[in-house]
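Shared between the two complexes below is chain A, which has chain B as its partner in the first and chain C in the second.
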Partner chain A sequence: MALSSGAATAILSRRRPVARNLSGLQWLALLAALVAALPLSGIVVTALSGPGAAIPLHDLLRYAWTSAWLAVLVGFITATLGTTAAWIVVMQRFPGHSFFCWALALPLAAPAFALAYAYADLFDPAGDLRLWMRGSLGFDLPFEIRSIGGAALVLSCAFYPYVYLAMRAAFLGQSVSALESARMLGCSPRQTFFRAALPLARPALAAGVALAVMETLADYGAAQFLAVQTLTTGVVRSWSVFGSPAGAAQLAVPLLGAAALLLWVERSARRGRSHDAAQIQPRPLAIEQLHGARAAGATMFCGLLLTLGLLLPAGWLLASALAHSPDLPRLAQAALNSLSMGAAGALVTTGLALALALGAARLPLAVRIASLGYATPGAAIAIGLLVPAALVWRIVPAGAAFWVGLCLLVCAYAARLMAAALEPIDAGMARVTPSMIWAGRTLGRSEMGAAFFVQVPIARASLLTAGLIVFIDVLKELPATLILRPFNFDTLAVIANNYALDERLGQAGLPSLLIILLALPPTIWLSRKIAAARPGT
Partner chain B sequence: MTLPRSPVIAASAVSKRYAGAPAVQEASLALRAGRITCLLGPSGCGKTTLLRIIAGLERADEGEIRAENRIIEARNVFVPPEARRIGFVFQDLALFPHLSVLNNVAFGLRALGREERRSRAMTLLERFHLADRADAWPHSLSGGEQQRVAIARALAPGPAALLLDEPFSGLDGDLRAQVRDFVLSGLRESAAAVLVVTHDPEEAMLLGDELVLMARGRIVQSGTPEECYFRPRSAAAARLLGRANLVPAMVTGGVASCAFGMFPAGGFGNGPAVAMLRPDALQLEPCGIAAEVIDVRFGGSHYEVRLRAQGQEAVMHLGKEPPTPGEEVRIGIEPSRAALLPQEVAAD
Partner chain C sequence: MTVRSKLLVLLGGISLSACGTSGNDGSPAAGGTGGEVNLYTARHYDSDMALYERFTRETGIRINRIEGDADQLIARMRSEGERSPADLFITADAGALWRAEQAGVLQPVQSAVLNERVPVNLRDRDGDWHGFTRRARVVAYNPEKVRPEDVDSYEDLAAPGLRGRLCVRSSDNIYNLSLVGALIEAWGEQRAEQWARGVVANMARQPEGGDRDQIRAVGAGICDVAITNSYYFIRMESGEDEADRAVVRPLRLGFPSLDGHGSHVNISGGGIAASAPNRENAIRLLEFLASSEAQQHFARFNNEFPAGPDVPAVPPTDRYAQFAAHPMPVEAFAEHQPLAQAIMSRAGWR
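So, the complex of A and B:
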């Protein structure tokens, strides 16, 4: 019965909607897609408009090589850490299990540059730790934090939660019978993991790693501070130091290409995942209760991840911040700016994502454009917006410049984060069957009316989720804000970056900490919500 | 004898194709106020598509639909579903999970004031014996209750016509019959013209004042349940309403004769034809035709007896005292349950 009604729904949803022209909802979706498409096309236009090669080819190749190498390292490390953590948390019970379930996602509250500041300071060759080690222990770490390897470690600590969350969902939803079949066919528990569970979860692994790599390519603050010259740092530098938007855009084009590739990987992985989600057995997984050394090991592993991703860097930043007297008025203004931009970005982005969710059924390209925006680094998005910005600047009166600048910045956030907001909204809308919308229509509502009185109220919880995700990401955002912000408009991320570039790390600590403090409550709320959800609900 | 009122909904020659494959072909039907029409056909015959076209959830490629003498669908006319005054009950019911039972029913009443909405919705809930569940959430109701809420909700705005798509398919056995009787009386109280889509022949005949039979996108017959059951116009129509033995027959001088007996041929001219014998048209008759019993099965309310006579096979229903396989019985035909079909439509 369930099967046949599901099939009927699938058939209904495939039927074409009534209106043959674009409806009001579809125009709104088109507008949302336009916001996402504007900076993407801006990148290409700017890159082509400049002098033949504003950036020497060998520089571009060097940056690209560094970016690629960093992406591979981070991909490998996050895959290992995230998968191990997810497997332990899903399949085993140990002290602290229910805490780590959600707490392992908390490093998402910390911007990668905050981790970079803390670890660079902690492992500085002239820092207290290394001095003490050389003095008391008589040896030094064979390790330079300001290197590709160091940056990869720092970014992996920041981004492993993307893999952890994807793999946790996959392991929770995995087929019990597949695991049992493997055991019956002679696999040990270890072999069962490597030969059945892991291959089954490959789509989720690809999707999670793709997200971590997207973030790696998008990172500016950490790489810049650790003196690793990637394409993204190159984009910001060629704009801010050399004043060359064309050069910046030429560096952004390969990033756009990489984004498209990662997006393709993530999307095709997702298709695979939804495919076997249909075959889930509703039987509980065989959970193993750990004792003794193994239990302690599991707790320590999870604790170490959380410490490296959040507690240690936040603690170190706190310690170094306490040693300096802060510029309180400047901090307060920046915190207010960050909160306002976070709120404005969340409202606008969620609104546009809602428009996409409601109206894009016949405009699949609109959703793809929004996804490409998500995969594209913020620095590239900002450079892409410079061309349309120049057109706008020409027509607005000087007095309005400040507000127009803020609007552009919100546009950049929306273009970058619309797809991130779209995902939970789409999941919420999945509760609305096509016939519920049709029922609204036959009960006298227009298409727009059915959208707002049926679809939106049913999916309203997901709007909050979407808004919070955008809010957290805007708080942590650095490069786009750096490029597009109006003169003298500082967010917490911007002043942290300014202090850090002046090597005033103690001062940079406090704004970074404030970002973590502001982002932590919504992150806790979101990760607890994800941890409580069962697969398929 | 009441005056023939003009139909509330009149569809004429409606056609629809999906990706080139015809779903509905030149379908015409009329729905009258206060009458229940059942649209019966096998899965995938296009009946749901026809229903959705009438409701405005789907556009027709050809044809015209009038509602209360106003054109609502034609080549250049399309009245959107919200302006058609047609209620729809979906197969999956589509109750709004975010609204209470009362607010589900009141959803379509936004033209009214707050108090009036509430009282109108309560009136409907009372009619469907749901008043005590007014503040419940849809997911906490039983299947039968959900069913009734869906119908009350569709009736609330006072539609001129109500369309129900397989309304009882989610319910089983006894409950299904109960809900059906219950809904029938609720529907009778509203003056709406009602169209019920179903693939269950028994349900269609019990529920419908009129039947419309559909097969492969075409309407093959319409009329009262008795007409359709006893006087099918084709083999396809005959089979839709239940088991039918189709046996070659010869008409001579107003009498049809076949392997299992003879019966009056009505207006049929002399020549070959096909006899349509329902299983209960065959009866034991001491001086009837001899037939061999091939198989006997027990079916609850009757025994199903498979017979062979003159190389033809047929199924007979017997109430009691079944013969044993291999036995020879003598049988005849009850004329009121037999019909003749022209040879060319018997092949459908």
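So, the complex of A and C:
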């Protein structure tokens, strides 16, 4: 969810001060990049370590095709839904507008796997709903949720907020004069959207869709749960059936390549953003007040999106959780563990990302590498983490294993989520002009001093944003937690996953709901913050 | 809130969680007699926890636990190397135990207690691992549409009589791999592949969901026969969920036979970790899990069948406890799993 923050400010063109000597900061940046690069190098090392698994080529091609197709579908659906929702919310007024403005981002609080559990159960052909439809209504749903279309729908419900937040920020910051010019040149409102507003917001669209697609590639279990066999299936089969982590890592390498490509696309799309309302735009947007059917349509569209992304799955999880008596002390302990790891992960990741943002002016490659962890497929990241972890495990004194285990886990979160923190911090830093830093330097601050007393305070809000984003992501994190956690340390996500593996979806409901509940307040805060981001109004 | 006070709150939170999980560094120094035992388990059933608590009450040995996917746990033990704190590795499939043995993360033990409690075909011949519960891979069927004799043998499941009427989960599911591994052992590769092709031809739909979903599909009339592990059916039949009970009420659990010698059975079992710092405690725990009372506990709460032939049957598994189980050594099919996957892929079993 790297975009949700200061994406409004991300529109500002990025100009970096040319510093003469940033060595201290550079070292920190290098350290951050190293942390992020370790799992990636772990995957490459493992991939080279042995022969692959004997998975037939036609199966591999089918997995790759399914992965690509799923990514395209999710990209298209999130782009359409997110952009439409953002445009309606920014440019039009209708009943419920001020609520939907921030509420449409709330599905970010729900882990994709929780959505998959809920939808798979709700729309199971042998489930209560479908039985009732067939029995009482005499017809059946025309689609299967356990299909590539169903998986694309579920993942899109989980990931459309990335596009929505990015596009809302872009539309809020767009140039009124560009829209007016389009109208004066004879464009209808519809044409104005497609020929002026949308092209101007292209960098934000690319960024939002890239995030949604990277999340799709990194998905751990949701697609698998919905019986869609992607490259993740190949990774799991290589490892679990053929006992070949090397084969699993080899399959992960093309996925990493795809992630790198997406990052490149996203970054190059951003290069064009300077034309996009670079100058602060004090005039208010021309808001349209909707009436009658159009107003009802807008409300229904937003309501449907929120229902599909959050209310329906959360409601279903709640309903199925009510039928079971939970182990409350264990859940409370897991919730505390989740919160603690979320907070620790947020602090460390934000700190490292800050170092990277401050010190990486001369290390552009470091930034790229640090961002790759975000799109590493969930099933493969465990392989990558085991290589560096092995080095630690083999030297750590046994008495310190618990704390060392937690530290490893926090580093793993930092490696996975660096991009999510880097994005908003980068955007926040872009507000700092070179002259501000030079002013600090003139007043006697060192490079480091200028960084911490000039740049950091100005970008303070974006640091908070980054921290909250990482916090939410850690609550939902599974693969790294599963493989690295120390003894007797369960998080809510781990417990939910255990129940789901044991085909006890009812019991998986409550821990999944608790994750959503813990993630909701920061999500609401983030979303409301961006809602107030229209410059000059 | 200042940064410092935030840090304090955060550290407080983690210390609390650490305290809540009660000493857990897995240190060998704390081991030895009485101390503790470090369990890496791929079984994550709530009912197992009660058993662990009982073990701790009876012996004073504290159990530290990491749950995870079997192969990830094996990979972790390999990465930890000789310093691995793991004492006992537990999982729910003979194939996974065999892979752990192959990975060199287990060590053989000779225990008279285990030899007495675990039949010889349910343990590794060198003593690297021992089974303590059995699960049969059998069928749930709709008796209105299928006669018991139509699902009497595994051949029947691939026979033309069931065209388009069979539900089964995907080929990479470890229970399916073990089943096909057993067929390879009994029939050879070629005939096992023919069987897999027959099953694919009989599928009512592409594989989706878990075993429970296949049973529910029979209940909903999507198919007439589902391949399932026995305990899923028994759990639905006797569990607390009224909807589940209603689904299976009209259905039957059938026990197809392999060459007339009984149904394919798999095990849950465990082995002592190669560098176990608390080896004696680990053996005690494994012996405890193989005890008659523990096997009855597994039967009662997780609806698996006891491994020992002399363990008295308890509800709700007792009504099926007399089924004929194939005497094939479980390690025989365990090592065929990669071949089984290859065969099923060739047959188009997704």
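Here is the rule we go by: the second predicted complex is superposed on the first by the 433 of 537 C-alpha atoms of A that agree within 3 Å, B and C clash if a C-alpha of one lies under 4 Å from a C-alpha of the other, contacts with A are read in each partner's own complex, and residues count from 1 in each chain.
One rule holds for everything that comes next: a contact is a pair of C-beta atoms (placed from the backbone, for glycine too) under 8 Å apart; a residue touches a chain by one contact, two chains touch by 3 or more.
Just so it is clear, the model here is predicted, and its values are computed rather than measured.
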item: Which superposed partner A:Pro326 touches (first chain B, second chain C, both, neither); value: neither
item: Touched partner set for A:Arg441, first chain B, second chain C, both or neither; value: first
item: Dominant contact partner of chain A by residue count, chain C or chain B; value: C
item: Chain B versus chain C as contact partner of A:Gly96, first or second or both or neither; value: neither
item: Partner chain in contact with A:Gly303 - chain B first, chain C second, else both or neither; value: neither
item: First (chain B), second (chain C), both or neither touched by A:Gly149; value: neither
item: Contacts of A:Gly24 with chain B and chain C, given as first, second, both or neither; value: neither
item: Chain A residues contacted in one complex by chain B, in the other by chain C; value: none
item: Chain A residues within the chain B interface of the complex; value: 1, 5, 8-9, 15, 18, 20, 431, 433, 435-436, 438-447, 449, 453-454, 457-458, 460
item: Touching residues on chain B, where the partner in the complex is chain A; value: 55-59, 78, 80-82, 84, 86-88, 90-98, 107-108, 110-111, 153-154, 156-157, 170
item: Complex interface listing, chain C residues touching chain A; value: 6-7, 9-10, 13-14, 16-18, 20-22, 24-29, 38, 44-46, 64-72, 75-76, 79-85, 99, 102-103, 170, 172, 174, 177, 206-213, 216-217, 219-220, 222, 232, 240-241, 243, 247, 277, 337-338, 341-342, 345-346, 350
item: Parts of chain A lying in touch with chain C, wherever the complex brings them together; value: 54-56, 59, 120, 124-128, 130-131, 144, 146, 226-227, 229, 233, 236-237, 239-243, 245, 323-324, 327, 333, 336-337, 339-340, 343-344, 347, 382-383, 386-387, 389-390, 393-394, 396, 398-403, 406, 482-483, 485-490, 494, 498, 501-503, 506-507
